[in-house]
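Consider the two complexes below, in which chain A is the common component and chain B and chain C are the respective partners.
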Partner chain A sequence: MTIAKALSGRPIRRRRERGVLPLLLGPSIVLIAVFVIAPAGYGIYLGLTDTQLTGWAARDPQFVGLENFRNLLGSEDFLASLGRTGEFVLWSAIIGQTVLGMVAALLLRTKWLRGKGLFGALVLLPMVVPEVVASLTWASVLSSDGDGTLNRLLGLFGSGAAAPLQDHPMASVVIINVWRGIALAMIMFQAALEDVPDELIESARMDGASALQVFRYITLPLIRGPVFLYLLLTTITTVGVFGLVYFLTQGGPGQETELASIYIFHRAFQYSQIGLGSAASVILLVLLMILGLTYARLAKVEV
Partner chain B sequence: MAATTTVEPQAATAPVSPPRRRTPTWSVVQRALQYALMVLLALFCVVPFAWVALTAVDADGGPTVSLPAFTLDNFVRFFTDGGTPRLFLNSVIVSFAATALNLVCGLLGGYGLSRYRFRGRTTFMFGILLIRVIPPPATIVALYLLMVKMQLDDSYLGLILAEAAAALPITLWLLKGTIDAVPAELEEAAWLDGNTRFGAIRRIILPLVGPGLGAAAMLTFMHVWGDFLTPLVLLQSPDLYPLSIGLFRSFTAFHQVDWGVLAASALVYMAPPAVLYIFLRRHLMRSSLGGAIKG
Partner chain C sequence: MSRNRVLATATAGMLLTGALTACSGSGGDADGPVTIKLLEYQEPRAKVVKALIPEFERAMAKQGRKIKVELVADTLTDEQFHTKITQQLHSGTAPDVLDMGGSNVTGLAGAGYLLKLDDYLDKWDGWGQYYTSAKEAARQPDGGFYSIPHEASLQSLFYRKDVLQRLGVDTSQPRTWDELIGRLKKVKAKTGEAPIVIPAGTAWGGGTWTEGFLPLVAGTGSTFYDAKSKKWTLKSKGLSATFGLYDELIKAGLLPVRDLQNPNPWEPTKYKNFVKGTLPVSAQGSWGWKFDWGPEGAAPIENLREKVATWDYPALVPGTKPYSISGGGYGYSVNAHAKNPDAAVELAKWLSSGTPLAKQLVTVGAVSPRKGLSGTAPYKNEPSLLDAERKLPGSILPPRGDGEDQVSQAVQSATGKMLSGRADGGQAAAAFAKEAKELLGDNRAAE
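Showing the complex of A and B:
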C-alpha cells in the first residue's frame, strides 16, 4: 500500500500500514537474532560436538552427544571453577554488596547527616569507571613490589609488606567486586526505602524499638521485593564477571581465581576446546536459571 | 530480640520494652558512629583512585602513591608514543559507530513497538529483556565461532555489529517508553500536512524524544567503550585493539610496565564517557524523572 493511497479518503486513524512495520522492526530483529540469539542457540549445538579451534577436529567436528557434559561433570577443574563462582557470588554480591549497599542507602536516608550528596557521588565512582580502569586501579593498590597503596597503609600500622593478589587472591577479587558493586545496591535500596513511610518508623521508635529492631521488623519486610530483585540482578551480573578478575589474575595464581567464566574462556581459547567450553556455558546458564527461579519463588514476585 | 514475631508493619510496633529515653550521650555516640561509617565507606570507594590521578602527572611514577613531581609528560607520551593514539582512535571508531547503529535501529524499532499492536509484541518485548539475563561469557565462545564463519572476526564491522546488538534490548525498551509518551495526535497532524510516516518520525518524534535518546546513547556508549571481553575475543590484530585491550596488553607485559603512561592512558580512557555524561546529564535527569512519574 502506498502512502498516496492511504492519504486519499481513508480515515487518518486507520493509517497503520502493516507494510512499514517490517522496515521499522527489521533491523533490530536481524541484529538481535544474528548476534545475540543465534550464538546462544549455536552454543547449545556446539556443546554437543567436539569442535576445536585449531587442528584436525577443527576441520571436521563430530557430534558427540552428551559426552562433553559427562566429562565436565566428572572434571574436578570444572566443578572447582563452579564452586569458586559460587563462593565469589556469595561473598561479594550476596553478602558484601548487599550489606554495604544497604548501609549506604540507610545513611543517605538519615536526615541530619551532612555531606550526603558528596557521599553518594563518591560511592558511585567505582561503578561508572570502565572495568579495565577499575582493575588497573586495584592492581596498583595491591601491588606487591615494594609499596603499593595497601602496603603503604599497612606500613603506617607497622606491619610488613603483603602480596594480597598472590597470598589471598580470592579474598582480593571478592573485595574488588564488592567495591565496584556497592553503588548499584545503594541505588536500588535507596529507591526502595523511599516507599517506607517515615511515620511508621518514628512511631516504632517512640514505642521503644531499637534501630536494629525497626530495620528487622519494619523496614526489611516492606522492601522485601526490591531486595530480592536486587539479589537476582546482582547474582546474574556477578556470575558474568570476567574482565575485572581476568585483567588482574588471569585466573591465577595456579587456578585459585579461575571462576567459571574464566574457565570457559580458557577452555575455548587457550586449549581451543570450543565444544567443551560451550558445554560449560550451557551448564552455567542452566544453573543460573534454576537460581533465578528460586529467587523469584522466594520473593513471591511474578515473572 | 523483640517479643513480636509478626511482620505486619502495624503490629511490629507492639510494646517491646517500656519506652526508654535515649540519653544525649548515646545519641551523640550514635551520630559519631554514623559519620565514621560514612567516611570509611567513602574512603574505601575513592582511595584506590588516588594512584591513577597522581601517577598520571608524576615524572617517575610507579605502582605507588607518592608526592608527584608534577608533569604532563605522560599525557604527551600517550599521544605521541607508538601505538597508543591508535588504540584511542579504535575505541572512538567502534564506540561511535556502534552507538549510532544502535540508536538508529532502536529508534525505528522502538517506534514500531510503540505505535503498532501486532501479535507477539509483548512476547518480543519480554524476550529481549530476558536476553539480558545471559551472562556475556556464556555466549562469547559461540559468538566467536559464528563470527569466524561469517568472516566478521578480527574486523571493525564485526565488533561494531556485535556491540550494537548487545545493547539493543535496553535501547528498544527505553525508546519505546519515550515514544509512548509522545501524543499520536501530533503525528497525525503531520501526516495531514503531507508528511510521510518516516518524515513524521524525523520531524515530530525525533525532536521530542531527546531525553530518551540521550539516555540510550549514554548507556550504549558506556557499554561499548568499557567492554573488555568482546574485543578480547573477537580481535587478533593489534592494529584494531581498542583502549581496553591495549591497557590490558601493556599491563600484562609485566616487566616493561610504564606506570606513568598506563595511568595517563587510564585517565584518557575515562575522559570521553565523562564528557558525554556532562553533556547529556540534563537529558538523563529529565528522562529518569519522566520514567519515575509514569511509574
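Showing the complex of A and C:
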C-alpha cells in the first residue's frame, strides 16, 4: 500500500520539483549571469576591439579581431609576466602555503603540542588583516631606509642596511604571500584531517609504520580530495593576487614582480588600453580554466 | 491580495520619490549659488588654492554672481592621479575644474572629456598676455585649447655647485654630452657613486617621458612628431642618440640604476642623494627651486641659491648647441560635463591672473606663463624664477601630439629594459619603435 502510494506519488512530486527548481535556481542564475557571465562576455568583446580611455582614438573604438591577442602572445613583456605569475603561484601557493599549512594542521592535531590556541591564533592573524594593511606593514618592515624594522634589527647586530624588496623582490613577495595564505590552508587541512579515523593511524603505528609513512600512505590518500580542492582554490586566488604585490613593489623594480594581474592593471588603467588589458585577462582566464580542469581531473573531485 | 496591493503601492511610492529626487538634483536652482568643484591632487597646490577660494567668491559676489567653490583635495602621485581622473571622467563623476600637468591634457581632451575653451579664451584679454611658448604648449592636436596654463617651466640640468667645486670639477656650461660625461666620470672616480639622475624606467611613470627622455630627444633636431601629418617618427638619428646616451651613462655607472628602479625613484635620488651632495647633477624642471628643494619643499637644501645652479642641456648630436627646454606646467581644465561651465571657466581665469597666480607660482616654484607678472608680489621676489622666465622665450618647445600617452609608455618600457640590463641602446631603440608602433597603430606612426 505504502509502496503503491509512493509510486503513484512520484510523477506529481517530480512535476512539483520541476516547478520549484527554476524558483530555487533562478536568483543564483540571474546573479551569475549579471555579475559573472555578462562582464566576462563584455571583457571578451572588449578584447576584440582597440578600446582605450584616452586619446582621440578613444572616441571611436574599432573592432580589431584577434590583433590584441596576437600582439600579446608575441609580446616578451606579457609572456614574462605570465612566467612570473607561474613562479609566484608555484612557490607561494603550491609549495609554501600548502606545505606549511599542512605542517601547521598536523601540529595542531598532535597531542604533545602545548599552547595550541596561541599557535592557531598566530597563524590565523595574517588572514584577518586587510590586504592593504598587510602590504603596507611589510613595506614598512622591509623599507630600505635605516628606519625600517628589519634594518633596525640588523643594526642591532651591527649589520648594514638591507633592501630585500629591491635586491630579492620576488622572494620577498613570495614569502609575504605564504605568510598571508597559510591560515586558509591550515583551516582546510585541519577540517580534512578530522575525517581521518584515528583507528587507522593507530593500527598502522602498531604495525610499525613511521610517522612519515603514516602520513604518506594513510593520511594523504584519505585527504587527497580536500588537498586538490585547496590547490585549485589557492591557484585561482594567487593568480589574481594584485593589491598585496602592487602596494609593495608596484611590479618593480624594473618589471621583476610585474605579475600578469599587475601587467593587466598597467595596460588597462595606467596606460588606458582597455582593449589590450581585456585581451590579456581573457588569456589569463583561459589558462586558469585549463589549470582548474586539470586539478579537478587529478583529484576526481566534483567542483 | 491586500498585502500585494500594499507592496505595489509602497514600491510605486518609492520609485516616484526616487524619480522626483533625481529630477530635483539635475535641475539646479537658477537663483541660488552655483557650486563648482575644484580638484587639486598635490598638497602645496591645495593649500594655496584653499586660501584663495574665499577671495574668488568675494570677487564674484561683487560682480553680483553667487559662485561657491568646493575644493576636492585628494593627495595623489602623478600616476595615481592620471589613473583615477581617467576613470572619473569616463564614468562622469569627475569634479568641474581640474588642475593638472599639461602632459595629461592631450589624452583626456582627445577622448572628449574636457571642455574646448577657445571661445572663452578669444574673449579674455588675459589670453593675449601669454607667452607664445606657453600657448603653443597648451595647443592640442586639433588646434584647440582645453586648458588654461597657469604655469610654465624650464627644464635644465641642476647641479650642486658647492660639491663640484669642492671636488675640483669644472662648473662652466658643458658644450657637449661627451664633455659632461668626462666631468661626471671624474666625480664618480672621487665619490664612487653614480653622479647624475635622469628619469628613466617604469617606476618614474610619466616623469620618465616629460622630465627624462623628451628634453633629451627634443634637442637633437630630429622630427619626433609631425604636426602636419599628425604622425610620430619612431626611428631617427635623434632617438638612437638619446637611447645611446642612456646606455653610455648606465654602462659607465653614472646613472643610479638601482634607485631608478625603486617604486618612488625620486626619493633616493633627488630627495636624498642630491640633497646630501653624493649625486650632484639632476635633470629637473624649474619647480625644483621651490617644490623639491625650497625651504618648504619636499627635501629642503639650505642656502639653495648658493649651492645649486643650472646648466642648459649640452648638445647630444653634432651640429646642435646647448639648449634649455620648455617643460610645460600645470593648467586648469574644465570637465566637458560641468553643470556650470561659465562659472568653472571664470574660476580658471581668475586663478590664472594677477596676485592669485603670483601666489601659486611661488608656492610650487613655477615660472609665469604670461607677461607682466614680474612686478607682482610675491613672484617679483623670486630671482631664480624670474631668471627662468627670461629664458623661456628662447627655449625649445617639446613635441606634443595625439598618442603621447602611448609613446610615453613605450619610452618607459624601453628605458626600463636598459635599467634592468635586458637591452643596450640599440636594442632599446628597436624595442621602443616596435612597442610604440603597436600601441599607436598605423594611423599615428610614420613609416
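A few notes on this one:
The rule is simple: the second predicted complex is superposed on the first by the 255 of 303 C-alpha atoms of A that agree within 3 Å, B and C clash if a C-alpha of one lies under 4 Å from a C-alpha of the other, contacts with A are read in each partner's own complex, and residues count from 1 in each chain.
Following the convention adopted for this analysis, contacts are C-beta pairs under 8 Å (C-beta built on N, C-alpha and C of every residue); 3 or more make two chains touch, one makes a residue touch a chain.
Keep in mind the model is a prediction, meaning the values are calculated, not measured.
Of the two partner chains placed by the overlay, neither chain B nor chain C lies in contact with A:Leu229.
Looking at the shared chain after the overlay, A:Ile94 reaches neither chain B nor chain C. Of the two partner chains placed by superposition, chain B and chain C are both touched by A:Gln250.
With both complexes superposed, B is the one of chain B and chain C in contact with more chain A residues.
Once the two complexes are overlaid on the shared chain, A:Leu193 sits clear of chain B and of chain C alike.
By the touch criterion stated above, A:Asp77 is placed in contact with chain C alone, chain B being left untouched.
By the touch criterion stated above, A:Leu291 is placed in contact with neither chain B nor chain C.
Of the two partner chains placed around the shared chain by superposition, neither chain B nor chain C is touched by A:Met170. By the document's definition of touching, of the two partners only chain C reaches A:Ser272; chain B does not. On chain A, the patch touched by chain B and the patch touched by chain C overlap at residues 250, 269.
Partner chain C is touched in their complex by these residues of chain A: 50, 52-59, 71, 77, 144, 166, 249-256, 266, 269-273.
Partner chain B is touched in their complex by these residues of chain A: 3, 7, 12-13, 15-17, 20-21, 23-25, 27-29, 31-32, 34-40, 42-43, 46, 51, 100, 103-104, 107, 110, 112-113, 115, 118-119, 122-123, 125-126, 128-133, 136-141, 143, 145-149, 152, 179, 182-183, 200, 203-204, 206-209, 211, 213, 216-218, 221-222, 236-237, 239-240, 242-243, 246-247, 250, 260-262, 264-265, 268-269, 274, 277-278, 281-282, 284-285, 288, 292. Contact residues on chain B toward chain A in their complex (touch as defined above): 1-2, 4, 7, 9, 12-20, 30-31, 34-35, 37-38, 41-42, 44-52, 55, 62-65, 101, 104-106, 108-109, 111-113, 115-116, 118, 128, 131, 133-146, 161-162, 164-166, 168-169, 172, 188, 191-192, 194, 196-197, 222, 225-229, 232-233, 243-244, 247-248, 251-252, 259, 262-263, 266, 269-270, 273, 277. The residues of chain C lying in touch with chain A in their complex are 79, 82-83, 86-87, 90, 106-108, 110-112, 141-142, 201-203, 205, 258, 261-263, 268, 402-403, 405-406, 409, 413, 416-417, 419-420, 422, 438-439, 441.
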